[in-house]
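In order of appearance the chains are A, B and C, and numbering begins at 1 in each one.
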Amino acid sequence: MGEWKTPAELKYADSDEWFAVDGNVVTIGITDYAQDQLNDIVYVEFKDAGDSVDAGDSFGEVESVKAASELYSAVPGEIIEVNTALEDEPEVINADPFGAGWMVKIRAADLQGIDGLMDAAAYDAYCDSR
Amino acid sequence: MQNAAATNGAGASQPKKLEPLIYDLGAPGRIGVNLPDCDVPKTALPADLLRADLALPEVGEVQVVRHFVKLSKLNYSIDQGLYPLGSCTMKYNPKINEDAARLPGFAQLHPLTDGDGAQGALFLMHELQTWLGEISGFEAVSLSPAAGAQGEFAGILMIRQYHIDRGEGQRDIILVPNSAHGTNPATVTMAGMSVRELPADAQGNVDLAALRDVCAGDLRDRIAGMMITVPSTLGLFEATILDVVEAVHDAGGLMYMDGANMNALMGAVKPGQLGFDVMHYNLHKTFSTPHGGGGPGSGAVGVTAALAPYLPGPVVAVIEEENEQEPPLYGLVMPEKSIGRLKAFQGNFGMHLRAYAYIRVYGDAGIRDVTRYAVLNANYLRARLMATYKVPYPRYCGHEFVLEGHFDDAEDVHALDISKRLMDYGFHPPTNYFPLIMPEALLIEPTETEVKEDLDAFVAAMERIAEEARSEPETLLNAPHTAPVRRLDEVKAVKELVLCCAPALPIGARD
Amino acid sequence: MSYIPHTDAETRQMLRAIGVDSIDDLFEAVPAAHRFPGLDLPAPMSEMDVAAEMLAISEANDHAGDFAVFRGAGAYHHFIPSVVNHMLLRGEFYTAYTPYQPEISQGTLQATYEYQSMMCALTGMDAANASHYDGATSLAEAVTVALEAGRRKRKKIILSHAINPQYREVVRAYHLGRDIRIIGDRGRGEVVDLMEMLDDNTAMLAVQYPNYFGQIDDFSRLAEAVHASGALLVFVANPIALSLFKSPGELGADIVVGEGQPLGIPLGYGGPYLGYFAIRQKYVRRIAGRIIGETVDADGRPAFVMTLRPREQDIKRERASSNICTNQGLMALAASIYLALMGKNGLRQVGELNYHKAQYAADQIDRLDGYSVDRSKPFFNEFVVACPRPVAEINDELLAEGIIGGVDLGEHYFHLQDHMLVCVTETNSKAEIDRLAEILGGLN
């Protein structure tokens, strides 16, 4: 078992995003495991509020010192809110990935994509296996 | 922006820069050059258009010379020793080429000189086009791309236009093996096309079955072509290359060869004869033009007759055939359906003339020997190092080969540590962590210009490092110990982002 | 064997170590039918003979060593202090590779950092990269940055017709595969006309400073208009002119690009040159190519390293905004040495010499029968002359008198038939200028 947090109430993608579902609004960020792997996050860039994404589409990217990673949405819909504070303080993602480090909120056109995601136990096992 | 004042002026205990910044030298009013007086009547300067401040250094000539000589001594270079940096072909840069480049007839020739006045330069470029065509087996060559990446871009744009002109503009996918140089996929995107990555098989070749699946599948009509490096970035000649070419051609795609590794092929095989449609050279690798600490390069492209009309321009052509009295007249022309101009003027001519001199020295037999001895040196190092390091692919290599820079019984030591430790033994490290498909890769390319004694000394250093990895791993983890500086804090560099020293910024922007 | 040092005995030892009988056995993976083809190349040559041949070829060119040059149009004949060449010829600089191993590359890294700093000083920007291929490719890369800054939603690029025509060709070739529109340069639009084209679909507007005709346009309202539309303002600037004239930063530019060749790099038939690229802090992460930053080593010693690496093609691969890898590093070093030597006072002096000599030359030519100089705007070291005869004819006559005349503007600008773009730098003496005017006067 790794030393990272994996809140039980969230859903997880194998590309290391977490998803919080509230009605048809889905909040997305990256996991504690992902921020730990990336190490110091120095830059983020997201699509704009008002943009739409398809399931499997990128909604932005994070950059650490030596890597750049795309961020993917599991659901289609319209981006209704972007955590623009992260643009100035990307290190918040390292410090608080499940709280202040949230990235975008999407008003989902459907929630089918959520069904295919892992629960906390499965994601933990997945991280352990890597 | 954060600026350098913070790091310059900090506590007395902090070590100082090895050499001050040019901005920290000098004194107000000092000047490093002796300029002529104005010999014409002066005209009033337009006051409202003038700048108030020009924040350049004020240093004398002697100071400038010493500053740059001191800086130069902080570098490692081919002129100092073996530089086995895989995929970069760091061979000796002949001195005669530097002399030639500085002849006034080349160095002081204006790029817009009318054709009649540039016949020497045009003749040289025409010969070089012909020779590069001969070595690669291609019908036509353009010297205009400024570097390998620009040659790649030219190649992919040509493939794109070729399909569009045939009414097959839907072909927008370029297949790229996962072992490719990063420039390959980046090029595809720049050209407005899409990348489809292909896996490698256990032998380091392109997985032929996977390729055939893609070529027979849904995407068949969208395949515009494939980019592949030969020999591969693992230093291995693709044993199934003819099958790869056939599969892509069958699907209607064209074959692009990344010619970064031509040092393994000259006189051994002509890519044009293997069925490739287009390739680029790196004159700064294969043809000895100096890397200059990052550039300039030169990325000539060769193509089949079908693609010749699409070459980037200008190219050199014979405008008037020779006759009994006169030699041929050369001129710059844009090919009929050219993808256009990739650079103002006609390419990095200074690199063309060095490559010309290089080929002239070696001639027909010698050029083949360049490749033969490059391959000999690489296989010799490989054979000697196999006893100490894991060599993943049990085949003879081309001009370079990959080792695993990691030991099962010295887990903390990584390829990077071995690289850094090599500096202490007086060698430049190999390329590490490329190709990406092999973990802990050390890609080693000695080139043909290295003497056996130096290769043996390199082997001895690598063997000693392998022992140290077990006996004193800390020595490796903290290496280098004798280089001008120790390992650098790359996180700080990114986080604080000091890209320009404070005195150079406009007054209001200085902290 | 030229630069191959192997003795036969060594070759045999090496083959034994490998376990093969001959070098050719190492090529077994190459398809036999295509292995070791004939090579139709000339015979090998001694170094002495190659030196003689290179000299002979070079002498078949009309060069600035033998001719007075009044030609610019993107490549300029300037005085280059001896020190520049001597420093460039240090093998520690020119035979080194890209500084991927910073511990043994501090020379290249610090010199490049100093180059970046001096380019910031000249342009009034906050950051500069380690170079692009030339001025034209720098402009093409600026287009990419502007498209990215506009989140790929803004699709319109406005270029002034007074940007070097070759640069505009390069921009079009670079963006052939992209769904964008490049406008503004087909007619003769002035800066105010370009401002009319701005809208919320515009990613950038670019002007040249001084423009291709050597003139300084009125930019007083430009930056405000461009920024009001949400687009980026790009200047293509001649770095020698920036010794005298307001920095593009002062004029509101977001990106400044241009040809660094005037900074200590010889004409060299068009390359290698130096594309410089400088940008405001806000957009620094969108810059392509290598960037050097300051940091410290494990002992806390200040030192330099390539930074913002994840933007680059070797890490970001198909998601990188540019494929640039090899740049023009040695040419940036040349510019660094040149700017250090010239410094604050010398560069200004060079700028003034260019200005005064060009104004003087224009005065001499303007008073000739049949010739007139375009004085509608202030100019730096180039100006447009309306000629009484085709420019090609005039240039033939000048060549016979040992002078390389100006560029024929009619080749790229239909409305400028029989117009010559004359360039005068510090290298042109008063005697040369007077001689030019005298010969032109006889050709009316």
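The working rule: contacts are C-beta pairs under 8 Å (C-beta built on N, C-alpha and C of every residue); 3 or more make two chains touch, one makes a residue touch a chain.
Note that the coordinates shown come from a computational prediction; the quantities given were computed from them, not determined experimentally.
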Original post:
Taking each chain's centre as the mean of its CA atoms, which one is farthest from the centre of chain C?
Top reply: A
Original post:
Two chains share more C-beta contact pairs than any other pair here; which two are they?
Top reply: B-C
**OP:** State which chain is most central when centres are taken as means of Cα atoms.
**Re:** B
**OP:** Between chain A and chain C, tell me the centre distance in angstrom, where each centre is the average of that chain's C-alpha atoms.
**Re:** 43
Subject >> Separation of mean Cα positions, chain C and chain B [Å, integer] >> reply: 19
**OP:** Measure off the straight-line distance from the CA centroid of chain A to the CA centroid of chain B, and report it in whole Å.
**Re:** 37
Original post:
Touching two or more other chains, which residues of chain A qualify?
Top reply: 65-66
Original post:
Taking each residue of chain B in turn, which ones touch at least two of the other chains?
Top reply: 490, 494
Subject >> Residues within chain C bordering two or more other chains >> reply: 309, 315-316, 319
**OP:** Would you mind writing out the residues of chain A in touch with chain C in their complex?
**Re:** 43, 47-48, 61, 63-68, 70
Subject >> Touch list for chain B against partner chain A, complex >> reply: 490-491, 494-495
Original post:
For chain A, which residues count as touching chain B in their complex?
Top reply: 39-40, 42, 65-66
**OP:** Name, in rising order, each residue of chain C that touches chain A in their complex.
**Re:** 151, 285, 309-311, 315-316, 319
